[in-house]
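Just below sit the structures, each encoded as structure tokens.
Next come two complexes built around subunit A: one with subunit B, the other with subunit C.
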Partner chain A sequence: MRLINRKPGRPAALVLAALPFVVVAVAYAIGSEMRLAVNPQDRLLPAPATILDTAIRLFTEAERRSGRILLWHDTGASLFRLLSGVAIAAALSLVLGILIGLLPYIRRSLSDFVAVLSMIPPLALLPILFIIFGLGEMSKIVLIVIGTAPVMTRDMAQRVIEIPREQIIKAQTLGASSLVIALRVVLPQILPRLISNVRLSLGTAWLFLIAAEAVASEAGLGYRIFLVRRFLAMDIILTYVLWITCLAFLLDWLLRVLSRRAFRWAETGL
Partner chain B sequence: MSFVEVRDLWQSYGGRAILERVNLSVAEGEFISIVGASGCGKSTFLRLLLAEEQPTRGTISVAGAPPAVEPNRARGVVFQRYSVFPHLSVRDNIIAAESFGTRTGWLWGARRRAACRRADDLLARIGLDHVAGHYPAALSGGMQQRLAIGQALTARPRILLLDEPFGALDPGTRTQMHDFLTELRAEAPMTVFMVTHDLAEGFKLGDRVLVFDKPRWDPHDPNAYGATITYDFDAINRGIPYHHLREEKHDPIDAHA
Partner chain C sequence: MTGLKLTSAVMGAAIAAASLIATPATAQEKTDFRIAWSIYVGWMPWGYLSDSGIMDEWAEKYGITVEIVQFNDYIESINQYTAGAFDGVSATNMDTLSIPAGSGVDTTALIIGDYSNGNDAVIVKGDGTIADLAGKPVNLVELSVSHYLLARGLDTVGLTEMDLARVINTSDADMIAAFSTAEVEAVVTWNPLVSEITATYPEANIVFDSAQIPGEILDLMVVNTEVLDANPDFGRALVGAWYDVMAMMAAGDEDVLSALAEASGTDLAGYKAQLDATAMFYDPSDAVAQALSPDLPVTMTNVAEFLFEKDILGVAAPSADFIGIEYPDGTVTGDPANIRLRFNATFMQMAADGEL
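Up next is the complex of A and B:
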């Protein structure tokens, strides 16, 4: 039988899916064990138990000076920046995408501009953003918007253009104005695409968020990681990295569920 | 005065002639089938009737109105595919024919309920009432086209344009759709233009069959001349002439009298 036709059964599929995770965890445990056996003070690969202790402490114990649990404080600050940035970018890309895709005059004037804009490496703009907007929340949110909106806008415009011409013509023969076509034919059909665009750009958004927080911030997951790097606190860094991964996974899952619930008609495409 | 009047119509794209000297007058209630080889301007002619594009020369007037500059409610259309809105349920697709003409595209309150009732009546008539809440993706090709025709007719167009409406259907479904269309026309006469590849279908459904072809042909420059209507068949009684009895009764003459 050809390899391409061999399919794992259900138990085998579960084992195969878990395998890479187990391999990484075991490899880490062995590595950590070996280093700690040589030098009990080693900080590079803390034992899994140490990481667990640190994680419990980080999630539950308040900092003495401020009385706040720093991890939750950091999470709140980061999620606020991330979600406002992505929400603004999504709204912007939706409106611009529909305008560019539907109106030839706007398409002529904006589509090349957006294409050029999306070529600018956003991190190169970070110093400019810090100069203009200061070191507060604004510059970080703007960085996420600039980093994700142009690509999303281009994709949305492309999706609008790809809506079959027949549907747009049909709507016109039913008496629909440009506004009605935008609201009732185009918008509902590209909303599922917007959700999947948001899912795709969340990864990029995390990248810009952590970069901006690392450079200048007073709180945030990225800030904390880069702060404790100075003390070689691998247990804290690893806890934060795992936590960020969990958050990213959770957001993605929520968006996928939302998309399935809200757009039953497009089920097959998602 | 004819209902649809096409006068000296020319269409070319960047020097490539597609249609030339097309003249046609159609009476209200006639069913016009349009046939011809691929690339001879059938679909272009339909797009011009739809006012989706403007002719290089000439005019088309429907019901005495000035030539349209964009598709409007006077023209109903059913394409081979993508004619219904995939994100609206079957019922909402019918209601859309009423609500899209409003300012916001939505109907509210009593108007929506009335439109809903009318939609359900229509769906019962075209045999789609059992799937009213489904999305078009769950419908077969024939049902989707029935829905598309029902949707187009709900907007009460002056002319109905069909662009190979049954081209993607299997032969059995196609025959059913022919009967369906014939029934609809028996209930309410309407002026129909149908582009088709199927000659038999054209003669079966049409009152007239128009053939588009290029009368002039330059072998060195095939694009120099456009196509026009080369034949205009009377297709009443399936194109077989002399079958049409003008009298109510047709008594044979008694030779021995």
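Up next is the complex of A and C:
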């Protein structure tokens, strides 16, 4: 039998899926064990049990000075920035994408501009963003929008252009105006695409969020990671990294469910 | 694939991966050493030592090699040293206590290069004194020497950090841009940023600086104690080379100073201005005197208190004095059973006596 036709059974599939995770976990445990044997106070690779203790403490114990549980406080601050940024970027890309895809005049004037904009590394513009939007929440959200919106806009515009011309013509013969075509023909077809775009750009959004929080802030997941890096508290950093991974996975899963529920007809394309 | 084979394959891959990340510093005798440094007025000579070949000459004299590696990120250089990738690193007394010593890496302060004598400063916009910081936000690199300076400054007027509106962690790379925004009222930072800010913004007003706490912010070359004990020639070569350059700087050698200025991204005048705010120990006997000073244990105890209050020593730290610090005369502050930071004047004394 050809290799491409050999498929694992259900138990084997589970084992194969778990395998890379197990390899990484075991590698970590061995590396940690080796380092701790030489120096019991080593902070670079804390023992898995230490990370667990730290995680329990971070999730449940309030900080002495402020009385707040810092991890939840950080999570709230970060999720607010991330979700605001991504929501604004999604809304922008939807509106601009439809306009660029549907209206030749707008396409001529904005298409190349958005393409160029999407090539600019936003982190290099941080000082300018700070001066325009200040050091508060605004500049962090704007960084996420600038980092994700142009690429999403390009993709949305492309999807609109790819809608079969026949559909648009048919709608016109039935008397639909430009607005009605945009709302009734184009919008339902690209909304599922918008969700998958948001899913894809969440990774980028996290990246910009962490970068923005590292620069100037007083709370946030990225802030805490860069702060405790100053004393190599890898147990805290690793807990936060695992937590960010969980949050990102959860957001992705929620969007997938939303897309399945809301756009049942488009399931195959997702 | 049988279960056994699979398990052994997994273990093999895991061990291979683990060996990549587990490389603690070794204590045995060796001949090749690596030290790390980052850009700061008092540490610029390390770059010059490497470029000019002076380090190689001294290393050759003792039959070893010393590679000097420059880092763009100061904290990362200390983290890499702590993880075992380097035998020595340039660091302040405070960061040495919190990162390597706090992580259980027995570390020796081999060279006391200088103390900050105005290089670190609290800057506000417009008129005022440090007492006016009450109720205001302050931007700084949290948990750094700046944070310590702020705490010491507030202490002089009977305030604590609780009296501030808040402190906002701000990357040093963006401090100048931050100062220009309307919502930033005060910053604490270090040179060359201090001189950059005061030169760029006429309303910038220094209300407290490290010249008011002389000898508390020390810039050191620290090395792994086990490596030093097994290879004293490593210490001799570093100290010998260092004081060669110190002598040139003290003599005002324009070529050397220009090279240092260029490497730190300024001109000769700019570098000299930074040196004015730095109390360099050009003469090894001055550095020895600083190491033997009765003020040093007081300072280090203050620093340990500060670090403990800020949870920097880790939540596992039972008290501010759980790390022992040993001084050249053999006295110890903190836990004598857990000595992780040692001030050692032996090598600097050798340089002072011309025995290297």
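One rule holds for everything that comes next: the second predicted complex is superposed on the first by the 270 of 270 C-alpha atoms of A that agree within 3 Å, B and C clash if a C-alpha of one lies under 4 Å from a C-alpha of the other, contacts with A are read in each partner's own complex, and residues count from 1 in each chain.
The rule is simple: a residue touches a chain if its C-beta (ideal position, glycine included) is under 8 Å from a C-beta of that chain, and two chains touch if they have at least 3 such contacts.
Note that the structure is a prediction, hence the values are computed from the model and not measured.
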Discussion item. For A:S66 in the superposed arrangement: first (subunit B), second (subunit C), both or neither?
Written reply: neither
Discussion item. So in the superposed three-chain picture, is A:Q189 touching just subunit B, just subunit C, both, or none of them (first/second/both/neither)?
Written reply: first
Practice prompt. In the overlay, answer first, second, both or neither for which of subunit B and subunit C A:N5 touches.
Written response: neither
Worksheet item: So which one touches more of the residues on subunit A, subunit B or subunit C?
Response: C
Worksheet item: When the two structures are overlaid on chain A, which partner does A:Q167 contact: first (subunit B), second (subunit C), both, or neither?
Response: first
Item to complete: May I ask you to decide whether A:M34 touches subunit B, subunit C, both, or neither, giving the answer as first, second, both or neither?
Response: second
Discussion item. With both complexes superposed on chain A, which partner does A:V215 reach: first (subunit B), second (subunit C), both or neither?
Written reply: second
Worksheet entry | Contact residues common to both interfaces of subunit A (with subunit B and with subunit C) | none
Item to complete: Give every residue of subunit C touching subunit A within the complex, in rising order.
Response: 6, 10-11, 13-22, 24, 75, 79, 82-83, 95, 98-99, 102-105, 139, 142-144, 162, 166-171, 173-174, 177-178, 180-184, 312-315
Worksheet item: Quick one: in the complex, what on subunit B touches subunit A?
Response: 50, 52, 70-73, 75-77, 79, 81-88, 96-97, 99-106, 135, 137, 151-152, 155, 157
Worksheet entry | Touching residues on subunit A, where the partner in the complex is subunit B | 164, 166-167, 169-177, 179-180, 183-185, 188-189, 263-266, 268
Worksheet item: Along subunit A, where are the residues that touch subunit C in the complex?
Response: 15, 19, 22-24, 26-32, 34-35, 38-45, 57, 65, 126-127, 130-131, 134-136, 214-218, 223, 226-227, 229-233
